[in-house]
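Note that chain A is present in both complexes that follow, paired respectively with chain B and with chain C.
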Partner chain A sequence: MTEAAGTEERGAGRGAAARGLIGRAMRGDAWTVGLVAIFVALFVFTKLLQPAYGLDALAIASLPVAFAAVGQAIVVISGGIDLSMGSVIALTNVTSALLLMNAPELSVPIVLLVLLIGLGIGVVNGVLVVVSRVPDIVVTLAMLFVWAGVALLVLGSPGGGSVPWLRELITGTLGVELLPRALIVLLVVVGVVWIPLRRSRLGLSIYAIGSDQLAAFRSGVNVARTKIVAYGLAGLFASLGGLSLTASTGVGTPIPGPYLLLSVAAIVLGGVSLAGGRGGLLGPIVGIYILGLIRADLGFLRVEPAFSTVIQGVIMVAVVMVGAYLTLRRRTA
Partner chain B sequence: MTADATPVRTRSLGTLRSWMRDRPLVPLFILLAALVALLEVVQPGIVGPSFVSNTMRFAVPLAILAACQTMTMLTGGIDLSVAVVASMTSYVMATLVGDVGWLGASLLALIPAALVGLVNGIGVGWFRVHPLIMTISMSLIVSGAVNVYARMNIAGGTRVPPEISWLGGQDLLGFLPNSLLVFIPLAAIVLVGLRRFGYGRLLYAVGDNETAARLAGVRVGNVLVVLYVISAVLAGIAGLIYAGVIGSVTGRLVDPYLLPSVAAAVIGGTSIFGGRGGYAGTIVGALILTVLVTLLTVLQAPEAVRQVLFGAIILAVAAAYTRITEES
Partner chain C sequence: MTDLLLEATGVAKHYGAVAALRDASLSVRPGEVHALMGANGAGKSTLVKVLTGAVSPDAGTILLRGQSRNVHSPAEARRTGMVSVYQEPAIIPDLTVAQNLSLTETPVDAFRSRMIDLGIPNLDLSATARDLPLATLRIIDLARALAIEPAVLLLDEMTAALPADLTARVLEVVAAIRGTDRSVIFISHRMLEVAGLCDRATVLREGRTVGVVDIAAGAEEQIVSLMLGPTASAPRGPAEPTAAAATAGADEPPRLVARSLSAGRNLRDVSFELHAGEVLGLVALEGQGQDELFEILSGQLRPDAGELEVEGRAATFRHPADAIRAGIVLVPGDRSSALLGQRSVSENIGLPGIASPRRWGLINGRAEKRRVAAAIDRLQIDTRAQSEVRRLSGGNQQKVTIARWLESGVRTFLFYDPTRGIDIRTKREIYQLVRDLAAAGAGVLLLSSELDEIQRACDRAVVIFGGRVVDEMPAAAADEPTLLRAAHGLERAAAAPGGAA
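Coming up: the complex of A and B.
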């Protein structure tokens, strides 16, 4: 579908192409700006409902799934999808909790080791996708079972421990209420990894293979290596999600949480095209915070949890339907 | 294969490959036979009438759910709401059975299933929402709705009627589960329908090249709406049968079958990108997965090892199958 739209734009001449490009950039920004506006409105509404609720509570609760959404967004931009995200988070969560309980004095090397493990797991996923030539969705579906099984092998039941500095790192605010530490950690980590990458050749390649793999290959992009890097980064962010889970809960839980569903929902909400090649990381992060606020609001309004799941689902369906409808209108207009 | 000279061996291997490419079911049957043989080696005497009936009894609901995946995957889609729809149907049936009898309850329970399919289809077909997102969101809504319904229905209780238990849990002649009475006609319709009926061919056409199908006058949106309704109704039927297999229901009864249903279709050789595959392979895929689960249970592997092996084997089979059948 995106290909057809691209061809039309190309055919309409250079001026139209330039206008299309500017229009697309503005539309991309407009989407994120709209999301931020929705977020602010929701936050004000939440404050009216429950004046004690602060941004820091939201930021801590959303940290693991925000990392998951960032990792998922990178893979989806590269044209793949990582269904094993939840399992990898569970695996790094239990590994870090187990190691930190046994050797709290070695906490810094342990954190680095867990990040390395996450990167390694992601690279394994990527290599399997490249080598097996099986579609991404099938490979990561199979690896979902594998990593979940390994997590159970590491820790059979919830347990393990954490160290205080990890918790302090993400709890509270930096003076002002609008600067919760968990948000700062998220933005700093994502910024340090993503901003230099996006400006590099490799980052461009990630967008290129997601947009049109064959065209990217013919322009000399090493498709296999780029894919492996994208999955590696997803693994790295999954391990950050696992570590923040260890930090905020203080234990390791071998059963994967609903991170897959939430991360995919957030990236769609955040304007990343599931067809690949489009979108950024800011949108998905705002998307995660919006979903978190909705959940919190439904709690404050004393909506039954089961009913609140229904409402969240309806909101998601409505958002994606409106989004898809707008795309459709744009294409036919 | 046994020839000593290398060139001869390569040629015979090449011939074998092209022979298998023309008959993609053969390697699947070989794998199934190998798994059964391995099972017999691990635990001599296990393969017998009761093994056959047990395998088929658990494979039937899985194969029906995998039919949903096969058909949606043929159009380049996927239906991740099948498991929750199946759970919902079995649960609703079990709450209604006291009032309207088993047949009425079953038919009534299929109505919400069809409605879920209709919403899926409208989202995917008319609004062009990505099928993955649409069906994941719908499963969120359905599982929440089932919980709300269960909360309202605490006093009512649930009961699996004897007719459904007979269908799911008992055998004809000692080795043919009664659920085959439903499954064989159903599978025949899907098998013949995909190859011979106009609608079945439309699914291949849409999955192979949607633009070409549209230009040829196919109303792609409507084809997809009907497809997702069919998929949801099939999922509901699978849920009813599975309730009979287990003999009791919960609101999440069939949920663990979601990923295996995708795996069965993939192992069976249906391409997730659409346009290629068929239901025969999927049925064998469902049998393979069921035997595999039995094998892992017999080996008394801990749950963790079982999951790792399950995932690894799915991946290995999918990769091997891609290599054997892909056009060189």
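Coming up: the complex of A and C.
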């Protein structure tokens, strides 16, 4: 009798827990859902402006910076920031382009080597932050210059080459137009790395050190190791960005594009708190696509480029403000 | 020696030139609740950090069940059976309760049953920690520690900011560990808790263990004298409330009058008068509207209804600067919300003068220096670490928050739990300071979470429950049982007949 009652109670508890879980998932993802809605609306608008514009063009153009945003998001969730992102993308871009031009037959080992280099650079960044105890922003600012210089040492001017299979991997669509290969590659790579991590104690630790470092330390989290892992992942994703740049352009460019600022903009838009501990990876990815579409639309509308960046900035602030306002209202309601 | 559960001997730790611990020892028997006592700066926190692996000692040995034990992180300490619970719960705000449990690899069923013991039977584990009340988080932290059945449980000021009803629950659960094969190291500034709960007490002073006391009748005085040491000046006793002070200002208008203040759901109807030369005690369990009341009085929050009167004139505060201009200042319990931790003692004391409303131009350096020196001198602030306020001890920080207002002609002080987490010697100094302020003609409103403070420092007490004033009494009648009953919303008349006698 008492046993049955106990089971029932536990069952009810589980039901409540499940309901809470769904509710929380919806609350947590409301931002992402909103972003997807904005994206769809923008895409329809773009199609009306320029019927020939395809999702695959957007996906290819956005791939490097989408990887950068994912890496940046992981570091920011852990409570840091990686300003060297753009330089690492440039460095891995020129390294892969140079190696692929000289030894196209070794393309697979070269790709793996470049990924390893990215991971290693990230780990170096992380170790420096942990060991020096200098703030993240200072260490990675210094590393921005270091890796930018190394990129120029590797390749003094744009050059190098690529291999066809890399380009084919991200070009075109998978059957229907709405499934560009570049998007599939992005989602598969991020999914393979992030989903198991998110469910592990290490993933929880990344959120924990970003949310409250002292509480995390006292909870038994190895703060230093977790930080190094976060920076390592950021380096890995930066090298994926560099590789996708090689794949899409076919050359290596030692001067990095505006990947750093775009990645920070995308994670802010994507609902990741710059204070750490909050957010996910899907939001920043959608954020990148939204920023890309806005830029494309302003081009189709023949807005003067200088004015176009002003509009992009205003739209970003507006979206974040409205989003914060809606979140606040939901919480007090 | 093997009958000891934990034995630390000769522990020393230096930070640069500063010796935090010189020669500390601690031996804990199985099944005992062992108090670790010491004034602020005596080395308690450092010893705790050493025991939990947060810092490694320069010298000394630590034995757990006779085995040498050398840990380098809280995670390792946890694995060897040593878990600590601090005043600030080690709960990650952005994770859910369940995620916090899996982060520390805590068995959920054991956690649930401990929560039931502690009086919170139906907690939603999927709730985000940030959305839970602080008191609940403290209980969660304790239940999580208890759930893994540690050999040694270390409670560091865990009860310091807990409402009275939860404190009682915690003490009950801790007492149940007595007589098992496990033990508790208990750190608290509340002598009553120590006397009621602990078997023995180890006293630290200036980084050394100066005595181990068996808790029995008279142990309290023994502990206090060990803590204060032979070199310290004779402790000033608890301040004697002066009835004369209260009547002195009777013919002038009250310093502060609150009429039917209400705000939000928590503060419904609070009225009181605060006179010049008076210390008015305010007693409330956690979350009875006192936070909102203090925010209104200090100009941080505008009331939904009700009126404020300052020295006979109606007042509306739109900003803390308005309240300060009217001569009303808040001294918060949480020093970090009042001080600029990375700035110097002088700058912190000087700030209200410099930043006073409508004041522009350059700072008059010499006048500033005089003002600051006078305040430091008056409060006997230990200024050895004066270049950064955050490096001062809690008691000295609190003195700085008070000192900054002393020289700026403030006449009404709002103290929000000023002695939280402060050692007994500094506490006494703060009581004396509060009395001195009143004697000099200030009106003082003093919220306290320690009920015995009311009789030590106040002339009169007001009790708030459910956002309303439920009782008012002279300090002489405000003994702990009376206050406790009133604070729980129970009638006083039936509870304490002749309480004023």
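Here is the rule we go by: the second predicted complex is superposed on the first by the 292 of 333 C-alpha atoms of A that agree within 3 Å, B and C clash if a C-alpha of one lies under 4 Å from a C-alpha of the other, contacts with A are read in each partner's own complex, and residues count from 1 in each chain.
Keep this in mind: a contact is a pair of C-beta atoms (placed from the backbone, for glycine too) under 8 Å apart; a residue touches a chain by one contact, two chains touch by 3 or more.
Just so we're clear, the structure is a prediction, and the values are computed from it rather than from any experiment.
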Task: Touching partner for A:P135 - first (chain B), second (chain C), both, neither - done: first
Open item on the list: For the overlaid complexes, name the partner, chain B or chain C, with more touching residues on chain A.
Closed with: B
TODO: Using the touch definition from the top, say if A:G159 reaches chain B (first), chain C (second), both or neither.
DONE: neither
Open item on the list: Going by the contact rule set out at the top, does A:G299 touch chain B (first), chain C (second), both, or neither?
Closed with: neither
- [ ] Using the superposition on chain A described above, determine whether A:N222 touches chain B (first), chain C (second), both, or neither.
- [x] second
Task: First (chain B), second (chain C), both or neither touched by A:Y325 - done: first
Open item on the list: With both complexes overlaid on chain A, does A:A148 touch chain B (first), chain C (second), both or neither?
Closed with: first
Task: chain A-touching residues of chain B, taken from the complex the two chains share - done: 78, 119, 123, 127-130, 132-134, 136-138, 140-141, 143-145, 147-148, 151, 211, 259, 262-263, 266, 271-273, 302-312, 314-315, 318-319, 322-323, 326
- [ ] Under the touch definition given earlier, write down the residues of chain A that touch chain B in their complex.
- [x] 1, 4, 81, 128, 131-135, 137-139, 141-146, 148-153, 156, 261, 264-265, 268, 274-275, 304-314, 316-317, 320-321, 324-325, 327-328
Task: In the complex, chain A residues that touch chain C - done: 13, 16-17, 20-21, 24, 201, 204-205, 207-208, 210-212, 214-222, 277-278
- [ ] Flag every residue of chain C that touches chain A in the complex, lowest number first.
- [x] 52, 54, 73-75, 78, 84, 86, 88-96, 99-100, 102-105, 122, 124-128
